[in-house]
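Input: structures, listed below.
Here come two complexes built around chain A, the first alongside chain B, the second alongside chain C.
And now, the complex of A and B:
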């Protein structure tokens, strides 16, 4: 390979490296842009290389213009805009590909490399994970090395040498880049609104239909991470509220379209929990919080009538927010009639056996709380099983589940329980969210995964308001106390169970997650708040942009001084031999005494002339002259002569 | 672009005057100190800066710290590159190697030696005079001896006389082409420009005489006539090398019967031509005579060069033509 590369001529080599760099910066975008754009870029690159090797003519100008116009039109047709990240990326890739068609000289190659830098930049806008970092660094390194290689004309610099030199330069530039990163003032807010990014939603759904193919997420992907200011609540209280479902058609639970303006008055009691949630993007506007949130960032989020926290924007990138919650609360207000009607509605003709059961039980237990207890007692005492692989259910899914299959997971139990409550006349609704979370001692935070997804019920009890009831806890209390793994039978697959026994693998996973979380919280989410707290720990209280600017300038100046000194040291002349050094010192000394050496004078002439001009130094100068001649031209120079020479130079008083 | 250059021309001239006053004339050799090296971003460098600015604005808008970090990394890389660019010139030593006299219409060539005594290579060094830039050269890191490269600057020499190279620049765009560092040198180099030799030689060659300094004494038809002591100007072919080897000193062989013609090319013989045309003609005769290894002399108003041969004589005569007033 190397030999093959070496026999190519210089322009071909340069082109190959630039194409490599371009490919490297295009790679992260393969999933982001339509496949035809990637293919177009690949074909153009291949053609351009062939043209270089075979000496074909590059396409004429009109053809290139046609290609560019077609590219712009097709992006417009595909995205309906040229603005925004996706369309911009697609356009950039097309531009790079068409630029390749007219690449002739060094300037064109440099422009291509600049486009590659912008592509890398765009890749970071898509994804800021720790996983991408090494790739990005290597790509930047190769791109700068290629930039250097392109700008070497005198000799064919091997790429290895360019890589070595740019590695040094990148390392040198790292300190000032870090200083800028820390010190550059961060502005809260944006200059212009960002177009919303389309993307697949992930995590829990906004509708539940128990009995369809199991859609419970078994992914061990992270939903969010939570850092508590104090200690986290006990596992049984870790209910992360997500979306609330009211409408039931006999099989599927959905969110209602209408909006209700009145939110019940909440009277929190007991311990309060302050924490920070770092949410992975889910492409919805749900903000998860510990049940029940009592304080949240009001500028970015609002609370709906059923206590969901909703963000103003779609969560398309990792987002963090601070919330305060209370796990104990009561509600003093009345339930509005419209809500009561909505939360007791059942489709008349569906699930007859369930309604029959509810009527019987309600007749036995006129008190709502006792009715709830009676239903939970039924789940606990009769043969109901918790499994992640339940059978499919008939159209009247609640009847089928309660009386036939009797196997299911949280959705089945929550659905059946809520339907029974409504049939018995108690307002009830389903809350979908997450339950539990794994504590990571290495970063002191909770990891909530997609596999922690859960559904439970809320019932309205007069005088107490909405009360959380988790029927799953009645069937499989270990699901609530210890998590999914403990609740599910041995032979069913559960994420992470394979490595469950291996302590080292678990620790490695936790360490990696702690690292990711630290990266996310301290680097990706570094903002004006973090900046201020960082500088207050360093002793600069209350930094504003002026003091930051001052610090920036100071660090930049320090960097320049250090860099100049380092370069001067690297470029210092080769060491002269000791005699020449001593003579140079003598010349400097005489020069500062207004008797500089003239360019044409040798040592003998010079020292003689100085001796004439300064008779009082004559004896010393004569001896210096003789010593120098002897050191230079005599047989083996003796160290005694050299030290005598140095001594005389030092003694010289002008 | 051309208009811009025209508009900037007075400014450029003043700038040059200022530089010259600031730096003074340069000795030979000269070592470039940091203070006299200027540096500015190139067009590519400006584009790079613009790209970084857009990246920064974009990253701040998306509140994307990693993208911002990339912009900062590339920005500080640019600053490091700027220092490297400056350092590539700082400490470089320049010395005048030689100048070769040329004929009008050719390019005057000033050979300049670039010397690197540092432990780092200095790549991509270019010399520029007003019109032209040389191919870049690379000086490797000095090992025991300083590394050296000789670069010739061409300067158009349209008219005879002297071409002066008041100023030239040594510059580099190493390492990324984002910055150009340069130093202006005023070494006052001069190159003699001979008149352009006339295309056709007028005949007959003027004024033949057999009286000259080169071949005196008896002559004959290819017949050896003994030795006489060497005078400067004698053709090296006629030196008795064998006698010299015997330790008898330099002797010139004498031949009898050779019709030796020495020419004296006379200004006055070219009556009716203009000054430059006369000089061109004289130049042509001198070149022809030199090529044929004949002795010749030159007579100009106020100048009288006795007949002689040899490169030094040729140079002497041509210089007299070059510097002829008028």
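And now, the complex of A and C:
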């Protein structure tokens, strides 16, 4: 490879390096732009290199203009705009590729490199995870080294040399970067935030059909992380409330649109949990919180009548928020009529056997609580199975599940239970969210994954309000106590099960997750609040942008003073020789008398020259010269000579 | 001077001064070059004299050999010169029925290789190998060369017609490279009036005996070198390595050569230790043929390189 590179001439080498740099900055965007743009860039790069090697002519100006116009038009056609992150990225990639067609001299290469830098930083607008950090660092390193390599004019600079020097430069600039990061005044609010991007939604949906949650549970992707101020609640109480579903069509549960009702009055009791949730982007606008949230950030979220927390904006980037919850609560108010009607509605003729069963049971148990217990008893005592791989259900899904298949995941049980409650005249609804979470001792927080996705029911009991009933707990209590892995049969594909036995892999996973979470919380999310709290721990209370600016200036000044001092020390001429010091003093003296020593002038030549210019000093100068030569260069310098030399230097009058 | 007596530097200086005086009568106005040549030989280095024809290169070389009283052979390098013409040949001896090696002109103490760049690289390398190894090998037999052994080579500037320029690796074997240049008008007039140089050379007596020369050569590495001077040497060498104008800097071998030459210069000039001026005096001759400019057009004047290096590096 090296030998091959060396035989190429310098412009070709430079071009190859610049194309490499461009490719490196394009790589993170491959998934963000349409495939034809990637192909266009690859073809242009290959063609440009071939043209360089074969000596082909570059395309004429009109052709290049046509290419650029076509590129702009196709981006416009594809995105309907040239504005915004995706369209902007696509345009930038196209322009960089087109620029290759007219890359002739050093200036063009420089422009290409700057475009590469912009492209690389644009990748940060998409994703700022820890995973990318090494790649970004290496890419910046290589880009800067290429910039240096391209601008090396006097001789060929080996790339290794350029990389070495760039590494040194980047390391030296690190303190400045850290100072800017920590001290640059941050504006509160969403000033820096990017407009929300249309991305794929993920996680819990606002409609659930049988099989949806079990499918979601196959993913080990992270839904959110929770850091508790105190101790977390016991596993059985870790119900993460997400979406509340009311409308049932016999198969699918949906969230009704545009229906509002009054919120029941909640009387919390028992312990209050104070925690911070960091939500992974899901491109939806609901927030998850421990059932039941009692305090939340009112500027960014509101609570609906059914206790669902909704964000004002779509969650398109990792978002964290602080919530307080009580797991024990009662409701004192009455259920409004409209809501009662909504939550007892069942579709006309669907699921007749379920209705029949509900009627029978309700007749036996007129009390609502007893009715609930009777249904749970049925799940518990009869042959029902909890499984990740439930069989497909007929159109009357509840009938099919209750009487035929009897095998289901949480949504099957929740759906059947809720339908039975409604058929029995008890207001009931489905809550979808997560249950459980893995405690990470390395970062002291809970990881809640998609595999913790769960659905349960809430029923309205007069005098107590909405009461959470989890029919899954009746069938598979292990699911609630120990998680999915413990609850489903051993041959089912629970995510992470294949590593299940390996303690080390698990610990590695947890460590990596803790690292990621720390990166996310302390670096990516570093905002004005974090900045202020950081400085208050350092003893600066309530810093404003003025004092931050001052601090920044001061620390930069300190850095440069330290750097200059170090450089001065590093390149200080060695002056420990007292004879050299005395000679320097002599030179200063003579220099102020308009006979300065030229730097490259030796002492014999210099003092002889001065002696010629100032004959009246000649005798002294001759002696000084002899003494200095003996002191500095002679085999036997004597201290008596040094004191004589100093004496003569002091005596010298110009 | 039957028994070699240790000489102190003052003796070395007076010997050298006498020699310079004698030589200056033949080579007019080239005292500095004569001193450099002497310093080079005292430092056991080979000398390369480069200039256009007719400025006295051969005369200087011849005069130096006369002054040092060494056995002397001259090889005129031509394009048809063969290695055997330098080293010698094995000839069949009828009486002993065996081959006998007839030593070539290289087996003398001072070899003048005249117009060395007129010969083919093959002949050049035969000479240069002998210079490096101080011995020659012919027919599997190794023959040591005379001691002391010097080569004074003269060469025409490389841009003259019919020359094979010495490659850099071989140039490196010459401790110094000096130029003579035209004499100034007054001296040239004296030259025109004076007697034939060849006759003068014939009557020229050695000013230094071989024993004295040996003692002088041994005295050179013992001339005191202070830390301060080593700093200066290293600063100069570092500059040649780091300066962007040069293709490659001085090698460690060149640095040692520079120091030895400066020591010899200090010995000639009666300095107890080497002073920066000694170094400055020899540096252009030592580095001129070892450093190449990146920009080829500026490489014509090697003396200029020395001046550039000296002016760029402050004396510590």
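Operating definition for what follows: the second predicted complex is superposed on the first by the 555 of 654 C-alpha atoms of A that agree within 3 Å, B and C clash if a C-alpha of one lies under 4 Å from a C-alpha of the other, contacts with A are read in each partner's own complex, and residues count from 1 in each chain.
Everything below uses one rule, namely that a residue touches a chain if its C-beta (ideal position, glycine included) is under 8 Å from a C-beta of that chain, and two chains touch if they have at least 3 such contacts.
From a predicted model like this one, the values you see are computed outputs, not experimental measurements.
In the superposition on chain A, A:605 makes contact with chain C only, not with chain B. Applying the stated contact rule after C-alpha superposition, one finds that A:580 touches chain C and leaves chain B untouched.
By the touch criterion defined above, A:20 reaches neither chain B nor chain C. More residues of chain A are in touch with B than with the other of chain B and chain C.
In the superposition on chain A, contact of A:174 is made with chain B only, not with chain C. By the document's definition of touching, of the two partners only chain C reaches A:635; chain B does not.
After overlaying the two complexes on the shared chain, residue contacts for A:107 are found with chain B alone; chain C is out of touch. Shared contact residues on chain A (touching chain B in one structure, chain C in the other): 154-155, 573-574, 599. Within the complex formed with chain A, the residues of chain B that make contact are 27-28, 44, 47-48, 51, 55, 57-77, 79-81, 83-84, 87, 90-91, 117-120, 123-124, 135-138, 142-144, 146, 173-177. For chain A in complex with chain B, the residues that touch the partner chain are 106-107, 110-111, 114, 117-118, 120-121, 124-125, 128, 133, 136, 140, 144, 147-148, 150-155, 165-166, 169-170, 172-177, 180-181, 184, 186-187, 190-192, 194, 317, 523-527, 559-560, 563-564, 567-568, 570-574, 599.
Of all the residues in chain C, the ones that touch chain A in their complex are 224, 226-229, 231, 244, 271-277, 279-280, 294, 310-316. Of all residues in chain A, only 154-155, 573-574, 577, 580, 599-605, 629-630, 632-636 touch chain C in the complex they form.
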